[in-house]
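Naming follows writing order (A, B, C and D), and every chain is counted from residue 1.
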């Protein structure tokens, strides 16, 4: 009974089907007819002109998006627990040619205008200090918490007032939209670019970088190739994304994962370390308790010494979820 | 009737099957049981200890391999027509942090010890000039020509004598081995690292970087992650590679592509610009002749003003190939 | 009466004299006879084999030294207040190609083995996190505090035990040695490389990077050129350094600066925010008090809202120093 | 009798004097009153608004200037013999984060619109090939030849028509202006940025990067600091430059060097490999002849097997020059 990672989940059958359907010969790279549909499809989804590029990983999506906002000598404000800071093996340093991540604090791995100001305001505008050029936030956050549209609007306003670009790492954007029940555009309020994740939500190996300023995409196309991320059979990445967007499969999958997380959260009660708003549950559980859960067959990661992280996926097994909920209640 | 690119070819059914079979939940990244088989599988194939990493593209494979051989201040000798120089959007400059490609000449896009010496020898060993650290050759070459083991041995000896690493871009390594009819190890004689291509040969989006010095792989693991190329569902890349290696499917596919190319080559006679040893045919054909071929339904790329490039793939259609051969003869 | 910066101080007459004496034509770059003396001179000074390179700035010295210890995908542990982190405009990100500074805490901007362990130990040895490759400390620290040889030995032992290189930013190394009254080698105990500063101590535009492992210097020679730091009339940089080392001028100058700082420190009493061990005084003084000091003609930088930084130099004017001491006592 | 390099020449007395005069304490970095004069001084010299930054070396000047014109994924067209390609240890790759030099041909190391077109036109505008963003030419060229204003205008027009920036490496800009006898602005016709050299012309260690678009300078200020090229006692670099510009000392020095070169050139007659328009003479001389010259006490560099390079400087000794002229005639 695996609650280790949504990365470990299966690929959705509709995604497989779409990939197989793309198997007929077509133009290589992103000149195939599916890749050429992406701009229009995302423009329709967000109700405004977008340009969208596929890449294989969230790390590539985040870092490529940021290259459009931050020069090598600049800085990107992000949360101390942001994936780009903590879990991408230094990829922003590579893609941004040594630009600096400027670390902010905030509950639940979420930033606020005040948290950003606390980082940005003390920076003198002189050449001795790295100047901020962008802000990157994660929707849903690394602790499974979701920014409301008004929170995003406040951050965006703050960023614009300082001349900073705004990037959203949406590895779990679907879970955030599912939680908010709002339009996708609202869940990305104010963003210049969004890493729209599919792999954790039933995809195989395709994420989208959505640029709300299409001119940014034009530059990033060169950067994507240069990073070795322009796959020659790109039609299979486009196919995944289009399949996920078709009939809102992405939302359906995210709702399923979120619902499983809620079921566990309700059983967890006071043990919750963060509000459960997406598909991650951070639980205060002792080593002995973790041992007990594992003894019953539940797999998950420790989160430091006194906590555990449990992740649900689109294909969560109801029986496993119920069993886990009961096991947590019984601790 | 498409002879545009082997990148446009279909994915082999056995690859699809293996991917579907990998769909069950497993550890993310490269901790799954399939990824963990790669080292042993390639070690068996090459009859010596290897370490192998999957990546999605040949560009990433080439550039990551070279990071293990060339520091940012160094240079890599390659042919003026090498893919890393001509077609990777400057990716070596990105991955190698500004290291320089030192361009050599040679017929059929192949290097020789003499051609390498002509580049390397005039470089004074002082700090004003970029010093060579590695050689990269392409097997089969960008003009579809194959290095024989003795040619490789001579290049390798030359490289070693100058303290240079040797990398082989094997985007079409399978076609080279099929042509040579030798052991895979012989077709990579003297290499420190090999980009072993599968995508052009029936794969979907997985290439292997094979290190004949496993210590190199240890460093490149970090670089792969940092480049956003550590896919979270890596089991699907490992599955492709293992399926291709199973029962020598890679060789069977390459033989089919090579045979199709031979059929066309025999029809082409004196029009051939390079020996046809793999699955690419470079043909002297006027604009009018190209128009005539296209009128008959054949698709291919122009190669400058007076030539055409035709590429065959593992799934070449015999009828199309025969038709093309006849059409060329009839020109 | 200037206590703003030792960077603003004059050049020592002996340095001018040596530069003029180097004016005769000689080989360009670092092939002149003065530059070729550096290795032997520093080897004699440190009582062991060294290789030394001149560069124009401390930033270049620090960053070039670190290139010998940390690959692009690695990390360097340093204090949150370290010059390389706070005041070099992101130069380490540039020189190290995106390697990451891993920030540690510690009183008086000094690190301890425990502080380093607190950063290094939680880093899992996997590719998702940037791995530490080196430690950089500042002698004297950014708050004018000095590491004793035993403190250095403990840090060096810790670094070695984790396989980390040790770099010392010695922009004010002279002040540290003057304070310790020990051999230069003791004040650099355990270092692999030392940025030995002269500019703040009576030089014009020359610092030395001293490598205690000469092999490191061989690589950094290429990096120096590549960074545009190989000056064509390098003899003038070598001349400065040799003049400073001649007859221990560097120590004499540092003693003068330290003595001036001590005179002020004694007047400051309980206002001192850090022990005064070199030539910097950090003083708790209100805005009104700072205004009063400035009204009397003293120039210095604010240090946040409630403090001031005062810096003395080799050419401190006794009368100015006494006047400042009295003015502080009178506050 | 040294004709090795103008880098080996002495520093002009007026430069020494100006440096000594700058010795009084002033603000560090480029906040001193001399550095703050540069923009106005160069604006007056060029008769238009300029922004100018000092750096220690021509390599830094060239590479920093190019960062304002070419993104990491772009390319810079330059001559195959350009200093940035051949003699800067790969510095453009470092400063431009892996951007590519696109090599053009041309007599006397000079480019023409046609030569640039021959490089640029075959580049498809797709992501697989590095796209050109700038052109860099050298005035006077690496073979001591000078672009006339109309030649520059044609290159500039060509560059603008393709959206390319234009950089001039003016390590010997003074010699070019002296040769042309025109206004400085004419000798830099169409340039966006000029590396204005002083070190080879009587300076010690200061070159100017002159931006004809001041907005470029604003960005490069950050890059200069980040490269460790913002010297803390920058007043001594500004002092050198201002002294050289005062009363046209730079032109006077260049005229002296050029005149010495002319005297030698006239003696050389048919041995000249390139027109002598600046202070470099490239001479067809056999090994035996070179031996004979050296035997008479003349020092110079070989230029391949059958030629020699001789360089004159501002402080050329008339007797040495006459002696050399006679010796060449006597060969």
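The rule we apply is simple: a contact is a pair of C-beta atoms (placed from the backbone, for glycine too) under 8 Å apart; a residue touches a chain by one contact, two chains touch by 3 or more.
Note that this is a predicted model, so its numbers are computed, not measured.
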### Query
Using each chain's Cα centroid, which is most distant from the centroid of chain D?
A
### Summary
Higher number of C-beta pairs in contact (B-C or A-C) found for A-C
### Message
Centroid of chain A to centroid of chain C, CA atoms only: how many Å?
### Response
42
### Query
So what's the Cα centroid distance for chain A and chain B, whole Å?
34
### Query
In whole angstrom, how far does the Cα centroid of chain B sit from the Cα centroid of chain C?
49
### Query
When you check chain D against every other chain, which residues touch at least two of them?
72-73, 88-90, 93-94, 97, 127-128, 222, 225-226, 230
### Task
Flag every residue of chain C that touches chain A in the complex, lowest number first.
72-73, 75, 86-90, 92-94, 96-100, 127-130
### Message
Under the stated contact criterion, what part of chain A meets chain B in this complex?
### Response
2, 4-5, 7-11, 16, 19-20, 23-29, 55-61, 63-64, 88-91, 93-95, 199-200, 204-205, 222, 225-233, 236-237
### Task
State the interface residues of chain D toward chain A in the complex, per the touch definition above.
71-73, 97, 127-128, 131, 219, 221-226, 230
